[in-house]
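Read from first to last, the chains carry the letters A, B, C, D, E and F; within each, the first residue is number 1.
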Amino acid sequence: MFSEENLNEIVANIAENYSNEELFYMKEGHQMPNRSSIIHIIMGLREIMFPGYFDKEHLGQSMPQFFLGHKLSNLYRELAAQIRSAYYQQEKCGINETEIREQADKICLEFFSAFPSIQNLIMKDVQAAFDGDPAARSKEEIIFCYPGLLAIFIYRFAHILYLKNIPFIPRIMTEYAHAHTGIDINPGADIGEYFFIDHGTGVVIGETTKIGNNVKIYQGVTLGALSTRSGQLLRDVKRHPTIEDNVTIYSNSSILGGETVIGKGSVIGGNAFITESIPAGSRVSVKNQEITITEKQSTKPDSLFD
Amino acid sequence: MFSEENLNEIVANIAENYSNEELFYMKEGHQMPNRSSIIHIIMGLREIMFPGYFDKEHLGQSMPQFFLGHKLSNLYRELAAQIRSAYYQQEKCGINETEIREQADKICLEFFSAFPSIQNLIMKDVQAAFDGDPAARSKEEIIFCYPGLLAIFIYRFAHILYLKNIPFIPRIMTEYAHAHTGIDINPGADIGEYFFIDHGTGVVIGETTKIGNNVKIYQGVTLGALSTRSGQLLRDVKRHPTIEDNVTIYSNSSILGGETVIGKGSVIGGNAFITESIPAGSRVSVKNQEITITEKQSTKPDSLFD
Amino acid sequence: MFSEENLNEIVANIAENYSNEELFYMKEGHQMPNRSSIIHIIMGLREIMFPGYFDKEHLGQSMPQFFLGHKLSNLYRELAAQIRSAYYQQEKCGINETEIREQADKICLEFFSAFPSIQNLIMKDVQAAFDGDPAARSKEEIIFCYPGLLAIFIYRFAHILYLKNIPFIPRIMTEYAHAHTGIDINPGADIGEYFFIDHGTGVVIGETTKIGNNVKIYQGVTLGALSTRSGQLLRDVKRHPTIEDNVTIYSNSSILGGETVIGKGSVIGGNAFITESIPAGSRVSVKNQEITITEKQSTKPDSLFD
Amino acid sequence: MFSEENLNEIVANIAENYSNEELFYMKEGHQMPNRSSIIHIIMGLREIMFPGYFDKEHLGQSMPQFFLGHKLSNLYRELAAQIRSAYYQQEKCGINETEIREQADKICLEFFSAFPSIQNLIMKDVQAAFDGDPAARSKEEIIFCYPGLLAIFIYRFAHILYLKNIPFIPRIMTEYAHAHTGIDINPGADIGEYFFIDHGTGVVIGETTKIGNNVKIYQGVTLGALSTRSGQLLRDVKRHPTIEDNVTIYSNSSILGGETVIGKGSVIGGNAFITESIPAGSRVSVKNQEITITEKQSTKPDSLFD
Amino acid sequence: MFSEENLNEIVANIAENYSNEELFYMKEGHQMPNRSSIIHIIMGLREIMFPGYFDKEHLGQSMPQFFLGHKLSNLYRELAAQIRSAYYQQEKCGINETEIREQADKICLEFFSAFPSIQNLIMKDVQAAFDGDPAARSKEEIIFCYPGLLAIFIYRFAHILYLKNIPFIPRIMTEYAHAHTGIDINPGADIGEYFFIDHGTGVVIGETTKIGNNVKIYQGVTLGALSTRSGQLLRDVKRHPTIEDNVTIYSNSSILGGETVIGKGSVIGGNAFITESIPAGSRVSVKNQEITITEKQSTKPDSLFD
Amino acid sequence: MFSEENLNEIVANIAENYSNEELFYMKEGHQMPNRSSIIHIIMGLREIMFPGYFDKEHLGQSMPQFFLGHKLSNLYRELAAQIRSAYYQQEKCGINETEIREQADKICLEFFSAFPSIQNLIMKDVQAAFDGDPAARSKEEIIFCYPGLLAIFIYRFAHILYLKNIPFIPRIMTEYAHAHTGIDINPGADIGEYFFIDHGTGVVIGETTKIGNNVKIYQGVTLGALSTRSGQLLRDVKRHPTIEDNVTIYSNSSILGGETVIGKGSVIGGNAFITESIPAGSRVSVKNQEITITEKQSTKPDSLFD
């Protein structure tokens, strides 16, 4: 063990850091939303949306009203508490406790009322995955196993909360998806129906991206900004591309820029790097990357291979 | 809390969705394999294969027969139950409960009998990682820490179950690896000895890929299909490439297409995008990407930088 | 259940593997560091560094000395035990138990004494993220949600232990970060102040990489080696690039090679593949990838699209 | 560690015990009810009966139908499974699997239908405790803290299952109460309304006891059999006393024998030992126990005191 | 599963019970103290009082101030929250939320300030147990294993809260002890120094009992009330005996009545039933219980034996 | 929260207590046996002895050797560690670490070697319970539910460790039984075959008690010492009675004194208080307790009833 003096010194130095930088603490009475609670809410949403897969008790089938009524009440209670926490934490929210409570209730009601239509939306995403992936053996497999569906599922709920300006929670939700799938969809992105992400690791979909219906993207695709040099000045500016209906973007391609539009029905081949708009109906392929093929027995040493 | 009317309406709408779409529920008496159980089985396999690393009790060393006999019996019981679940769940499996039980037992026996040889195979993968990574301090470090080895470990077991047409379980296994390592190896891929994946995040190895012995690949490598436009019609068609013995594929390269063959001993440099076969002994490098280097002080504004 | 003969045979074969390969077991009395313990230590470091976010009890605010003194004592006890385990496990450590204990205590003291300055360093990383990401709503969001910050946080502690030649533990720490963020920073890398990784999935930063101050990198960036063909012979050779101050590297670019230097203030656009040094103040962009755009209605069949 | 020979010998000896005595194992496919499940059922019953005290989520208050519907469905599923287990386990149950399933469902329905009236019954027990204990500050305290009420609560449910000849489960329930309260009420006892047990440790109420309404008993009271010398021959014979309405039995008294009747309104003082009937309206007190009081300074040594 | 009608009917009946009896629910915004929290507080008190035994981390030894400061802060936070809950729940507490908060803080401060002297008091109880029990091998064994000490330990803290009129919490504490030890000490009892309870199962010490210094009692001893017929009218009346200094009461004896005084230095032998005062220095023994000894071969049948 | 001064003062006072009384801490490097570990060992013993009841995995049935070998190895490892802890903790154990290790191994071997015979012994206790309790429906019920059997089970193992002079552990074991059953059997007691305790709450069996074969006792029976006035001077003196073969002792009777012998085949009726020997073949009954029966309508007030 270190000596008491050593410990006291380290303690004093860290405590001084605390006192020099107010960021280390929440304001009195405030606290961050609880990450475990939000993950629990996500799990609850999965049980409600796909009870045959994620609800261990299989109670919804014969008398779904009890199952649903109870689960929804529970979820409401848990989410409303987290929304209130998030509001408290938000700087300059400028509303008092009663208003926060009313606001949280109002938002919850709107959020919950959207569940039936979100559910239908997600079922369309399942269909898109089944149609788009020859390796999919069944829709059940997609619902139960596909990371792309999980990321989209979580995004669809987080996006509604984002639109209602709830701080922190939408991002905590999508970062949960990011950690589990490697797919980073900013909750601000605007994504249409029948969306499919295959494999998905490394996909990044930026905050102001707009995606139409029937779009399919693969692992490593970035829908990103061109330059972020201006930092916070760019907040709320459209920095990410628009992908129109029926577009396919193969793996590891990057589409960058807020004014870049990939026109309807285009197909972007793998490894493309696109910073300008592409007209509808295009096929973009990296045909000639000036790849050099040499024989291995070459006498010329080459740092890439030897 | 929302009012009783609000809640009733939401409940009714979701319940109607349930009744309109049979996918939400399992058939009577059926259920999905249990994901926690399958993860538990993976953990059990690690304890059996590398008892000094993952078996907390260190019991196998002096009298391994008791340790092994007990662990294997336990694993058998747990896996057989999951295989039965998976069969029940499979559409049109067309066999009755007794046949399912016999079939599950038969498959388990074959699966377990393969363990000693899989164990040797994995030890060769450890050797390949040690030989291939200068940052590896010891083989113990590889066994204990390397995500690439974890992904290959899980794949090697999942592949056997895939070959026996067990539904769901192989995919649940490899998706577990995918979530933890960012490496997505479809259990259908056919992979030889001494296989090494370094770093690994973003690697995708498609269902009909064939990989020879002594192959090394890096993060972000896709061994994928060219187009999936025909969707389910492509099921069971060879859509992914063949990588012959002694090939190295550096980071972020893509090799696409079922007829694409990377010949023996070839080395594919980073960021290559390959849709056609490469002869044996080739060295493929992206020599000239037409990279433009300008000075930053350039007066011409450039959306990529300013 | 399989028969006793089947089980006995499988047991015997695995036991034989054990006896043929000493790698399966630790030496008498040795054991690997405990992964759960090390993750617990990481969680403890987060509580100490950002008590308002990760310390559930919010005790540090009014009287931080008790909170800190207790948490640090606890952490010390836990880390010292893991360091001792790691030493035992290390081959040829050539020191006896008392020396190991003294050595572990000495290293712990140095490690803990660095906490106040690491804390300041991480706060600069938070600032860099806030300045660099228009989507960041607040610094709190960065501290609480950003995977890039988590990876850097863990790296900064692991790096100190790496410099002290502690086996296993630094790698277990960074692989934890890798699994949760898709960002693989080798603990040996040397990284300056104000470092920001955005999105981050697929980032690889090799062992001998050197990164200056104020550097920003995006998802999919590899700072890697050219060829690893010589394997273990390359150990401790500088194999990874040097990135000077104020450099930005956009997504999916690769900078490879131990002699490759990206000069001060350069900006590397997305998807670049760089194996040679770039002078200070450069802007590197992939301007012409020879992308071919064809209309979809083309009659020529193309395996990439049809 | 002991040697392989030692271990083998111990193993062989225990295994031989197993093979000599069939009691060690269940019959093929059978198993005991799951104790944890039954305790979970008891907890569920408490939540349903007193939702304001034992239901953490406080959901029943505004819309009890969802809370109740869901909790009851869950409880049904869990209890029915345990009843089926118990039946399988019972020797000579002589009914097949389908009959067992039907029988379990029938019993569950009857059991659950009794809940509303049991609930009222228990509320009367609460009233009796409040009226009978000057130390009770409120009825809430009784519901939340009194071990006597917990024991009666569990008994009232277990008794119904006992009457339906469910094996094992009623006893597991009352033994749970016994372990937690020191009050051992056999589920076969027949107990009226407004029953109060104060303090309760050491109370034993035998299987064939009959207790009227408004009875109050204290710690250490035994309502037992006279002699059990005939063992299993006495099964189903009335061996325990009858306590009529409005009787109070003070602490540590014993009332023994199947023909012993404590008449209406009698009061039995503490430490009484009664093996014969007592007429209605009696007051029984231990007036003279021939207690000897000597001064401590007595010169006569006395093993009880010196 | 039962039918929807069955379930609806049961639900409706229970819901009707809820609406007929307000006791089932807490008032709006109120809730019972959390039993798990209170048990956690008891565990915390044990760690603080006997850190070498119950604090797993053994941190208090070298630098107790950090250990203590942190543990006490934690305990304060947890207990204050429970006290506030208990106040809310109390009927007619007639004070508003701010007053409750201030009151809870004031009481906590007084409670915590008493810890050092309670600690000394408990050490005297340990001494009394060691002096009084020949089977005690060491004081460590008493601290670590003796149920009597656990019950007294909990009582000593609960009593302070009782004196401060905290509702529910003192009783929850002593009922925890009761469940674990079979010893039921009402938190209202007034107990002196050097108190020892041996074995303890079945001991009952009533609310208005007064016990002097150096008293020793055994299992099954009741210090109780004479008659509780008047129920709530007796609240706050002295109903339980006074035991003066240096008294020993052997097993299963009952001392009843608020005016009954056992004089200084008396010894009450086992199985005594005492409802009147005993002068100081007495030895009370049950000398002649009119025990009848007959030979077993007696021809006269006897229901007690045959 | 209390102020820093308040907290500092309380901390200082408790810390001073610590420094004044060495009992609060273990000696350097020592620690108490781990209670959870010992409970885990008890659970392991139950699984090994009655695998069909307490081993959830039901693996022992078909191939018990693996199940047993593994469980026993595990148990050995866990118990040996606890025995070493207990030795370290014991004052004046006067042996060094190597001797402690050897001693612990030797004792473990002897302890484990006794398992087969203990198992047979316990099966006889099951038989005794079945023969002695008309309420027992089956032997399975006794094994699975009867607290008396649990207490005897634990005693039989603890007794062996007591005989080997292991400190702390035997007592921790029997106090676990005491807490769960209300039956307090000192591990030093010497108890024969076919022992049955019915109901059991409040039973106390002292350290130097000797009990023959075929003995049956009921709840509340004390086999105790006469006077413990001489405290530690009585250590190792025979203070508790001898109960010869075939004796039955009914509920709440006390048999006290080291020279008190209950002769073979005697039957002691309920509530007897016996401090002298009873010849073989006696029947002891409390025939006349001078019970007074008055009518309730009596005009004379009586504190016991009014």
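Assume a contact is a pair of C-beta atoms (placed from the backbone, for glycine too) under 8 Å apart; a residue touches a chain by one contact, two chains touch by 3 or more.
Just so you know, these numbers come straight off a predicted model, no measurement behind them.
In terms of the stated touch criterion, the partners common to chain A and chain E are C, D, listed by label. Distance from chain F peaks, on a Cα-centroid basis, for A. In summary, the pair chain A and chain C forms a contact in which the copies contribute largely different residue numbers, shared numbers making up under half of all those used.
Centre-to-centre, using mean CA coordinates, chain C is 59 Å away from chain D.
Averaged Cα coordinates give chain C a centre that lies 54 Å from the centre of chain E. Chain D and chain E, compared by their mean Cα positions, are separated by 23 Å. Residue numbers of chain B whose C-beta contacts span two or more other chains: 1, 7, 63, 65-66, 68-69, 72-73, 77, 182, 201-202, 220, 229, 252, 256, 270-271, 286, 289-290, 304-305.
Here the chains touching each other pair up as A-B, A-C, A-D, A-E, B-C, B-D, B-F, C-E, C-F, D-E, D-F, E-F. Partner chain C is touched in their complex by these residues of chain F: 1, 4, 7, 62-63, 66.
By the touch criterion given at the top, residues 57, 59, 63, 65-74, 77 of chain D touch chain A in their complex.
Residues 1-2, 6-18, 21, 23-26, 31-32, 35, 89, 91, 167-168, 171-172, 175, 178-179, 182, 184, 186, 188, 201-204, 206-207, 220, 222, 224-225, 228-237, 239, 250, 252, 254, 256, 265-267, 269-274, 278-279, 281-290, 303-306 of chain A touch chain C in their complex. Put simply, chain D touches chain E in their complex at residues 48, 50-53, 58, 60-61, 64-65, 68-69, 72-73, 76-77, 105, 108-109, 112-113, 115-116, 119-120, 123, 126, 130-141, 143-147, 180-182, 198-199, 201-202, 216, 218-220, 226-227, 229, 248, 251-252, 256-257, 270-271, 275, 286, 289-298, 302, 304-305.
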